[in-house]
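For reference, the structure is listed below as structure tokens.
The first chain written gets the first letter, and so on, giving A, B, C and D; residue counts start at 1 in each chain.
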């Protein structure tokens, strides 16, 4: 590497990937996303580990979505060992997951994506040019982390979420404080909504992609995948997603049944369950407007968190200890919505409760097909533009999917 | 001889009365079963049945981590101003009282430590008698340390005999006069060493380094630090300084340290004067049973038994102390 | 005053150490004012390597050849190189099955495809380059990160910690999960500095900060054995974050 | 005075002596006791704001105008940032602490100063004090050893004293390099070897020693063999120190505290105490 060398990697995304422009006769004809993140081989790492270690290990797949990975793994293990959790545990977990949703969306909107809209390089210039915008976003983000800390014990890799329950139930006082903070963030949220929903898309509208999302439970939870035309139960979700190993990416790619790839994530979720008051913002559901979808979900997450906190406080917090799980044979599959889309954790355990197989399917891995389709379309739409311009646009497009490459490769 | 007696049923009203003049703290059993010195919630009684709290009362005087200096470019180093308020510590056992007496010698003698002075001056010490368990060694040796108290409650049939040990104690007694009665009650003599009158010992020969016990202790110690964290008289501290992100402010922090840790005697370049853990045990031993510096000749172990109760490896310096110190001191 | 030039890079990891920095919501504006994060692909474009850095903060372990190159480049260009997090310091979760044969593990995931066949058993940074300081933890504590950065402003590296999690756990007057609840708490063997985060919520320490200096494994195994944990199970737990632990 | 609170001082000059050692001149308030009233061998605590505080021996002569000289080797957390400090930078000082060399006991006697490496710092202070009233003392000998000639500190000053006949100077370096073009009266040898050819009057001589702990046992046994009594062998010890006032608990040597009862001890006080020399 020479001095001041450009390292050809995608920036302002989680993890390591590159976008490569494919040229034919001097003309850009396609763009390809390569996920060359170093694989940690999580599906192999979990093998040989006792059931109670799986969630602690699996959450390390990714920091931004560690809470949802943790909860997904907990649910899968609990299903395998037939552990029932209490309502309180369920509510607290859901609250933590919404905290993760808030944190992740706020990070993406204000630190990773907004710089594109303002023509700055990232957080550093954002802080210099639009300090109020950054700080507004950080205040919302902080709230997401506070929720995760209050319930999970830590913003990243929440250790307090255990099989069958929690290590320590948060004090009512802490939840009361959360309630106040949630109420206090409304000003920032409203202002953010006004601002973000008003931004012009940076890319031309692209054709709508087929969408798919988890359904059948409270927001972000469920037991099946749905698309506008079909429903896939959790048990057959992995087969339907149909992950294959391809050569150019370290993440397995979902091939579905050979039809056009499905998109997952905020835009997919909203498309399938759009609250009426937000419909006006989506004349089309092109991925170019995904920032808006994320902003709306951010709003929804705060609202949901408020409901959950209220429910918990109304119920009154009980000092429950975790349900004890007996080691044994079994298989569990858990489907959830991570901030970036559908997430599946599935594990098998032998008679001693030792993991014999694991399968983890993550949103960005699923989205690879959708990203490829959109990239191609974008390149065609930009026919005749400068190489650098196309390159920049493709990076923005990829960011619209908010890829989480550590998750994808895991 | 007539004594001041308070009946058991009058304890609760007495606490209500004491609470009027200060925060009331004492041993409180948590949901997890751990007994800690903490604020006694109104309407509840301290747990006087517990032989020992997990942390000793030293935590009121020296915090595990505390800012001792603040720095700003404009004002230079300054002492932090701490918001202290009157606290009545109720339910201190003689060993804990003696432990405070020991800390006083270190932090009040000569050039008093300002933070310590501030916190010490707002503490009223109320002792309660107790009966030792298998971990305790308070009854084994005499000591020049005194169980200094403002008030002391001796447990007797049906209540307590209350003694004042200071003007402050007299004042407190005055407030609860109507709850006390004059009664002739025999108080069993407390044979514990903190009520004895031993003088500080002259220098003794070094502990014999060739004893196999040192190696045994060294090889079994997990290095967890619990023994000194929980000891009422371990006061070793480390000092760290942290710069503010503004690059023009800083705070200096002192935190509890342990003589069994690797860094305790380490100097620049990784050179250490007590590389060997057995040597560090002898260091601990010297301090606990012989003292050093100004408190030379004053054993700092007050026999509360905490170090034994909390040690995950079950280590115990007592047998060694009995051999090396016993006999000579009686 | 000239801002300190900082590079922040992630190797094989979950980005948690970098996110910990971005999670300092209150301090981030000040940080961005005091430091010039010149290379920080996760939060700033483009990824341009400058000639010189005052400090490079590197997250993650090394498990692919291109990571070696990047690390060596950063070392060459930086006055201080600081290992961020347990992966960088010890190998971390990615190194969980070091020694079980990388190729076998790879095939467990990718089958017979040659994808990522250049991957090797993850190694910590100091096995390849000189590391000037370590801020450990999975994830690292915000407070420690901020203190480390503030120290850099004064030209100082962080002072190493030499005590285990238990020390802080006792300072917080927690119930001891090992002695009182017979739980497999790794506190005695794990480097302190987290304020005994997990045991303070009644969750046994999982050892996420790596080994404490002078860890007494032999005796700890005895103590765990008395509580009913066999040696291989304990070593397995310890190896969750650091492959160096051996029977 | 509150001995926890550093008083402000300002770095006035920094003179690099070798690659890793510099001589700092600080100024605090005139008549400030930290600068004005110390004995050679005593130390102060130097604070570098935002970084930390370390014990350093006085290296100069007491001054009424607030001037303090310190010789610092740049080795770690606090001393490395000191290397890039600049004149005008603010620092803090507390002191003087500990027990220095017992100058009054030395009156009318011969003195053998032995310095190894950075140990010259407090001995320079002692030398300056001795020179101030040269007539009060008998024969003065300085043995000074270092790794290599480049690491010999204050060479000009020492050679000047030797030239004026005030002090008998003998130096040694461990390593061969460059010694050929090294200063006069310098040999390739380990420090204790310098004692070999020394003619002393053991009845009226005190030894004042400061150096790396490794050389202490050898030096002491040779001095004993030469007839010095344990009371007349004075050693300055270095220990981890945090408070300087006998509270932090790190620096005990036997039952004595290095920061209060030392750092200068007579060997009679140390004999038989575990870990006192190494």
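General observations
Here is the rule we use: contacts are C-beta pairs under 8 Å (C-beta built on N, C-alpha and C of every residue); 3 or more make two chains touch, one makes a residue touch a chain.
Model, not experiment: these values are computed from the prediction.
Summed over C-beta pairs in contact, the chain pair with the top total is A-C. Distance from subunit C peaks, on a Cα-centroid basis, for D. The chain occupying the central position, as judged from C-alpha centroids, is C. Taking each chain's centre as the mean of its C-alpha atoms, subunit A lies 52 Å from subunit B. Between subunit A and subunit C, the centres computed from C-alpha atoms are 24 Å apart.
Our note on geometry: subunit A versus subunit D, Cα centroid distance of 63 Å, whole angstroms. Inter-chain centre distance (subunit B to subunit D, centres taken as mean C-alpha positions): 39 Å. Across the assembly, subunit D contributes 50-52 as residues in contact with two or more other chains.
Counting partner chains per residue, subunit C has residues 150-151, 153-154, 156, 159, 202 touching two or more of them.
A list of each chain pair in contact follows: A-C, B-C, B-D, C-D. On the subunit C side of its complex with subunit A, the touching residues are 10-20, 22-23, 25-26, 28-29, 32-33, 36-37, 40-51, 63-64, 66-67, 69-70, 73, 92-94, 96-97, 104-106, 108-111, 113-116, 119, 122, 138-139, 197-198, 201-203, 206, 208, 233, 236-237, 240.
Subunit A meets subunit C in the complex at residues 1, 3-16, 36, 38-41, 43-45, 47-50, 53, 56-57, 60-64, 66, 103, 107, 111-112, 115, 121-125, 127-128, 131, 134-135, 138-139, 141-142, 145, 153-157, 159-160, 162, 167-168, 245-247, 249-250, 252, 395, 406. Contact residues of subunit B toward subunit D in the complex are 68-69, 71, 73, 76-79, 106-107, 111, 113-114, 203, 205-206, 209, 235-244, 247, 249-250, 252, 254, 257, 259, 263-269, 271, 273-274, 279, 282-283, 286-287, 290-294, 296-297. Residue ranges of subunit C in contact with subunit B, taken from their complex: 1, 27, 30-31, 34, 146-147, 149-151, 153-154, 156, 159-160, 162-164, 166-168, 170-176, 178-180, 187-189, 202, 212-216, 218-220, 222-223. Residues of subunit B that touch subunit C in their complex: 30, 32-34, 36, 54-55, 59, 64-65, 219-226, 229-230, 240, 242-247, 256, 258, 261-263, 266, 277, 310, 312-313.
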